[in-house]
Amino acid sequence: MKKTMIGNHAASWGAQLSRVQVIAAYPITPQTLIVEKLSEIVADGELDAKFIKVESEHSAMSACIGASATGARAYTATSAQGLALMHEMLHWAALARLPIVMTNVNRAMAPGWSIWADQNDSLSQRDTGMMHIFASSSQDILDSTIISYKVSEQVLLPTLISFDAFFLSHTMEVVDMPPITDVDKFLPPYNPEYKLDVNNPRSFGALTSEEHYYEFRYKMQNAMDDAVGLIKKEGREFEKLTGRYYDLVHSYKCEDADLIFVTSGTIAETTNVAVDELRKDGKKVGNLKIRVIRPYPKQDILKAVKNCSKIAVIDRNISCGYHGIFAQELKGALYNESDIPVWGYLAGIGGRDVKVDDIKEIADETFKSKKPVDMIMKGVKI
Amino acid sequence: MKKTMIGNHAASWGAQLSRVQVIAAYPITPQTLIVEKLSEIVADGELDAKFIKVESEHSAMSACIGASATGARAYTATSAQGLALMHEMLHWAALARLPIVMTNVNRAMAPGWSIWADQNDSLSQRDTGMMHIFASSSQDILDSTIISYKVSEQVLLPTLISFDAFFLSHTMEVVDMPPITDVDKFLPPYNPEYKLDVNNPRSFGALTSEEHYYEFRYKMQNAMDDAVGLIKKEGREFEKLTGRYYDLVHSYKCEDADLIFVTSGTIAETTNVAVDELRKDGKKVGNLKIRVIRPYPKQDILKAVKNCSKIAVIDRNISCGYHGIFAQELKGALYNESDIPVWGYLAGIGGRDVKVDDIKEIADETFKSKKPVDMIMKGVKI
Amino acid sequence: MLIKFRTDKKGVKISGAKDMPPMPASLGLMNWNKTSSWRNLKPIIDYEKCIDCFICWKFCPEPAIKIVDERPVIDYDFCKGCMLCAEECPKDAIATEVEGK
Amino acid sequence: MLIKFRTDKKGVKISGAKDMPPMPASLGLMNWNKTSSWRNLKPIIDYEKCIDCFICWKFCPEPAIKIVDERPVIDYDFCKGCMLCAEECPKDAIATEVEGK
Amino acid sequence: MKLTIPEREIMQPGHLACQGCGASMAMRYALKIFGRDSVLTIPACCWAVIDGPFPYTAVNVPLFHTAFETAAVMASGIKAGLDVQGEKSTNVIAWAGDGGTFDIGIQAISGAAERNDDITYIVYDNEAYMNTGIQRSSATPHGAWTTTTPIKHYKIGAKKNMVEIMSAHRIPYAATASVAYPEDLCKKLEKAKNIRGFKFIHILAPCPTGWKSDPKYTVKLAKLAVQTNIFPIYEIENGLKYTQNKKVKQRKPITEYFKYQGRFKHLKKEEVEFIQKSIDRENEILLKKF
Amino acid sequence: MKLTIPEREIMQPGHLACQGCGASMAMRYALKIFGRDSVLTIPACCWAVIDGPFPYTAVNVPLFHTAFETAAVMASGIKAGLDVQGEKSTNVIAWAGDGGTFDIGIQAISGAAERNDDITYIVYDNEAYMNTGIQRSSATPHGAWTTTTPIKHYKIGAKKNMVEIMSAHRIPYAATASVAYPEDLCKKLEKAKNIRGFKFIHILAPCPTGWKSDPKYTVKLAKLAVQTNIFPIYEIENGLKYTQNKKVKQRKPITEYFKYQGRFKHLKKEEVEFIQKSIDRENEILLKKF
Amino acid sequence: MIEIRMHGRGGQGAVKASFVLAEAAFQGGKYVQAFPRFGVERRGAPVEAFTRIDDKPVQIRSQIYYPDAVIVLDQTLIEVVDVTKGLKKGGCILINSDKKPKKYDLGNEYNIYTIDATKIAVENNLGSRAAPIVNTAIVGAFVKITGIVKLDDVKKGIENSIPRNKEENKKAATQAFNSI
Amino acid sequence: MIEIRMHGRGGQGAVKASFVLAEAAFQGGKYVQAFPRFGVERRGAPVEAFTRIDDKPVQIRSQIYYPDAVIVLDQTLIEVVDVTKGLKKGGCILINSDKKPKKYDLGNEYNIYTIDATKIAVENNLGSRAAPIVNTAIVGAFVKITGIVKLDDVKKGIENSIPRNKEENKKAATQAFNSI
């Protein structure tokens, strides 16, 4: 059923439709509305879940880990400082192989205090072993939550779903909510083989010497590899129910493009609009939206960009001392395989608005430029 | 003066020689001996510093931030879980532009509990905005501490010095301790322009809207760029005093090498031994040790590898869902600039020992291989 | 932000990174920000009734009540119109006016 | 590790990742680990003196004292030789022997 | 002209507190007492916004905005930093909301208290996470509505007794206070200023936005909290010596306090009676300590 | 055959505790009482090692090893997870050292206590961070040597009074206990098992390695701690009802306790006297509460 | 695509108004977006909110700089905020006011309308004079002026997005619709 | 390069012994490395430690698998640990024992030596019979057997690396040196 809702509430309803059993969360702008809505949903009896009102985000993730270790489906949501405070426990969830799904509203890291959109918070978690999705619409947020439980519970890895502060979190738009009966058909109850079970007492996470630790990492990496296929497979299953397909990357008019933008989050949506306008001006451009960055969709990207002659990556983030993270990861993946020149752009850092005109400027600059540049800080005031 | 000491104590003495004023730290294996020694050094009156025995690593970094914000020289040390728990505050120290120098003993992340060498802990901090050094000998640890204060206090960025658990932390070897009078000549007292000062009351870190946040990131990135030159410059200054030069990368027999290893930490040292042995067998190999990864030494690397025909990166870490981080960053940096094929190897994860023979095997494999491979998990038991 | 950052007021002029300190360190005070724009209701002291007890001064959260010549004076540049002063005045010496009417 | 991980004891045989669960979940108990090797001193119960008060049993930290036929019996496979039992025995019924002498 | 609290104003108008904000009143009083030789650190909370955005400030003393969970240890770090540089007289004050104190900040507080670091920790208590839009904290009183304790699931369980917890740490000085009694508050701040070691002051600071009350009732509510015994005013020296600072002869019924606030208006009669009883019981227990 | 504590053994020998480890004794008793319908969670501490490396375990009930600062909330999460799946009877126990309790874990404990989550939190107190090699914690007693409080800078300041802090949280049950009195300890564990809500048990567990004592003196020391009043044994119900469980008629001098331990041997006579006085004073204060 | 900006004060419900308008348009078969100015809302302080209405899905994710219309929920704001900023030439301004449009001197490039939404709200028991809830009344007037949404859709929108006093709100919207 | 492994029990000071030996070699102008087996030490449990001695800086950072010599600080360990594991053919084994070398049946590929370091330690007031501190005595004996370090350098090493009872330790080392 179509409804209007803000992006944050799409996350809440995604959790509700997934029948999460334990929720542990802590307020932080601009995420808070997700848990407020969930509090309401639980109070209204629309979801049978236990809500743990923890005293910090570190504890929120810990409580989810504990619950998930018993075989319950657990959910949390946070943003920026809260996600950073969870950092240790994100590694934990991943290494403990617990299929927790969580939402992060991308917000700039402090100091100075900022509550505005910026991907540095979640991208700083790229080495924790979590799967990581960037949603670009409220529909994407809701659907991704459901699909992620399905994938996570098969590969036994947690998933982090991120989306831009305000541009999505506080923006109301139209969302199609699948009936829960359909979702139930898609997403069976979670029932793991290894769990805290008094009838089969095991310890979890004991001292692991150099004799075994490496092999656990190996298994994790295998799980990530498996996830690439599973995301596609479950995406197709989901499409059967809802007509909506989600892949690791989505390409828009890339087939014949000379210049391909590589984008994520809300910038990806605005870029689609820009692509249309640029095409009208006769410029052959395309947009490759990276939806999933862990597992990294190397093959999908290679396929999508193979015919173009230039790539312009737009990063709403920076790994200071290197450069934009999407650009870095893309180049790392294309190396050995391709020699299409890649330009790296920064835009929208700290919540600065990225407009259609900004994207068009980037296109112009890239078309004109002869030599690729690692990082161009678009729109910075010097 | 030459002395024997374990790597951890080299860190303690590095801090002592740097005349740190505030130390805040929390115990964790294998770091603990650093702070135990510092407790002793302070108790013995060999250093005039205030030691805050905090209740967690999050607080350790916070206390250092507070002290540094008043203009005091602050130090902390930790490992793995402790570093992860600091994550939020590492971002904080960097964005607040506080030149804290800290030590991290690289240890594998839990679960399972592991106290053994693995770089995932500190590399997971690569997006925090800290400068980041991997030391490969006790001498390097001690010297890097001193030089890092000098560099950090000029560019106003914190530095993270990492080194391998046990292989360095608990291993006694010979270290040349410069006289403190020499160090005093090299490293002047810290006296920042912006600090908490009742005679010039300012707020630090207030709400920073989209109007200004981006520009702060821009300034941070500039500082990182400046640091590249400064590390070299201060390295030369330090050389004048001690005869020891430290650069961002150190190349060993790379000039005429067909195959260059790219390594870091203790694996880099063992690789030098392997290079000598391989050369004896007539194999033209070289070793490029990456000592600094933030700021990323792109130009230095390009220069060092330009003549070789193959590169083999050895990573004691993995970004699950992608691959080894040194390999990723190297390829990201070489893209657009070079087409030397790069092989990525994993070794030593979770403390597994990396022996000269392992390196030689990697050489053989790479020499034989036709097509570069993103990641080969060396020595994993399947 | 709802509150405009008028970086050109009170001598703090920032046109770009070059005018900014390395970290977000303040360069001026907030008192350029005339919060009179927040006001719906306006407190008006009736100095006939007022006994100069300074209870209003004591409680004003801004503070927007000053002591001028030993009498309480409301600074309408900053008064947000919370009406706490009127509520607490022991002599009912502060009247309420609706703004813009 | 100082303590050898004998992954082939007690039926837990791991030759590689394929034998391992996805996460470090235990597959067996620690009691393959005969801690007798830790022992320097050896407690020996003198059943003549012993009154079966089970104080030794109560306090043994391993536990390495079993109750067999209603009497305390030391399991020397596990006794680490802390000598707590001897110290607490109200009847001085536990003697100390030095290992390997 | 007789003023009952110091005339000097350090905090500047133009700040961003809502109309009738108790938290802004509390800061005004604190700076009157601590004066210019003070350094503040403030974690995430309404005051992180009230102070104003970059490049401005309203407090007019050095202020380090800090991460939500770190106020106490940040103050410890600042104090240590000043100390080693010879600035030993400066008052270092951690200033935080109830969420940053009772919940996410309690570990750092407990640590600093145990080390007896020479700082003053002040919590302005508006009984919820206000800056993020009124979520329950462990300072939220039983019965209250917040956005995470919706009417159907209103807050169950008593407010965490923070002053008693601090008193169990045996710190030199712990006290409760209220923006309705600035003279008492100022006396306590003065006392804290002159004691070496860890001082803790808990100020009830009504929040019209979160309490759903009229901004003009901020002082009235703060007074009623004391007069109904729901927030007694006292101090504890060295964790042992209790002194009652505001004696309440005839306590007012709690309904008097509730009726000016939207956050309690869903409560049924039995629920209010239950609350009244627990207030009376708690008061009895407390009175024995004086 | 008359045994004063249950005969069943759940904990297995072969574990990795040092000779004469008090912490391993404590676990043995706890599992005797809680039985097989229990889930444990243990943060970083000696017990994270004692249990044995992957792929083994010694506790023989489901055990989730967890991050150092998370024991209480991990238990809350586990309890919630079991609850929603209908496993309501299982005892969920957080088991941690003093460092994981008094210092880095106190926030999660305070949170779980405030929510009154139905878990039992047990701290085995060996008065320092032992697993990392004997660093001071806020449970380290005044005067003790540790590696971070070297002889010249021995630990200054009293042990944090954790039970009183928990009692200030008004939890249903809080108690101290000792491995020297397993019968009393078992009674308390049994009590905790049968109460709904948050239970806190603080067990003194001597550590020969860290206390520099002979392994054979573990029980003797645990007893002397009680007999000298440095570690009184009592319980508190609902934060209000105090009961003394081990009465000490004639307290022994603290020197009796110190003399079997290396960690106090640097103390001069005056220092010991100072400690004796504070023990006596604290005891007076405590006695009034019973 | 039509882009609308609302001006109000913290606590007055400008954001809610932008959502009600979007919901109404959605009920009328349109695609919509509505969002507040991204920031910290303070009781009493001026706030803004935005609505986008289009016939096809709204993909653009940037903010609104050049609105087609402006709604002012509190006329006292006109003195303290530049309500016409970026407003397109010929754009409309709807002000909640008991005064006549010509009383407002906002230049002659715009079409100014007024509606006494406060009075209508109070008459329908939607808040008090001091704190009226004017969302629905002002939306009712706005759709009449612009014709972008039918009154029936506004009613459906209210039905869906207003939790309490649905009928009163519908009446207020209708009354405003009819009185302008 | 010479690589040496030591066997002891947790609390007995095997690690210290490896460090004293390295320090002595360092005083003799050698480059050294010394380290414990990487793990968790438990009172009473068997432990190991290692020393590398070379004429040039030791760059290799991996562990020792094939030692040239083995030192056993506590002879009871011989029954519970494989002290000869990886020991090179012809390598030497030095055991702290009051027995004769031939009492030990460790195969005939190795050169076995014994020294009653416990007795020497106790005679020099280094610990008690139950807990003797045998580091220095055993190192004294070891350097005599292998000749890699001079006795004088051992004394210097003790001077630098032993905080207390320096003289007693030097005497113990000397006595052991002379008695083997």
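Each chain carries a letter (A, B, C, D, E, F, G and H) given by its place in the written order, and its residues are counted from 1.
To be clear about the criterion, a contact is a pair of C-beta atoms (placed from the backbone, for glycine too) under 8 Å apart; a residue touches a chain by one contact, two chains touch by 3 or more.
Remember, predicted model here, so these are calculated numbers, not experimental data.
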{"item": "Pair exhibiting more inter-chain C-beta contacts, E-G or A-D", "value": "A-D"}
{"item": "Greatest separation from chain G - chain, by CA centre", "value": "H"}
{"item": "Computed distance of Cα centres, chain F from chain C, in Å", "value": "55"}
{"item": "Euclidean distance of C-alpha centroids - chain B vs chain E, Å", "value": "43"}
{"item": "Mean-CA-position distance for chain E and chain C (Å)", "value": "23"}
{"item": "Chain E and chain H, separation of their C-alpha mean positions in angstrom", "value": "63"}
{"item": "Interface hub residues of chain B, defined as touching at least two other chains", "value": "53, 55-56, 58, 81, 85, 88, 92, 95-96, 110-113, 116, 202-210, 212, 215-216, 218, 220, 351, 353, 380-382"}
{"item": "Sequence positions of chain C contacting 2 or more other chains", "value": "1, 3, 5, 7, 14, 16-17, 20, 23-27, 35, 38, 80-81"}
{"item": "Multi-partner residues of chain G (each touching 2 or more other chains)", "value": "10, 38-40, 42, 44-45"}
{"item": "Chain F-touching residues of chain E, taken from the complex the two chains share", "value": "69, 102-104, 106-107, 110-111, 114-116, 138, 157-158, 160-161, 164-165, 167-170, 240, 285"}
{"item": "Footprint of chain G on chain A - complex, ascending", "value": "2-4, 6, 115-116, 164-168, 170-174, 266-267, 269-270, 272-273, 351, 353-356"}
{"item": "Complex interface listing, chain A residues touching chain F", "value": "21-22, 24, 48-50, 52-56, 58-59, 62-72, 74, 88-89, 92, 196-198, 200-209, 212"}
{"item": "Chain A residues touching chain D - in the complex, by the definition given at the top", "value": "95-97, 156, 194, 202-209, 211-212, 215-216, 218-219, 223"}
{"item": "Residue ranges of chain B in contact with chain D within the complex", "value": "111-112, 380-382"}
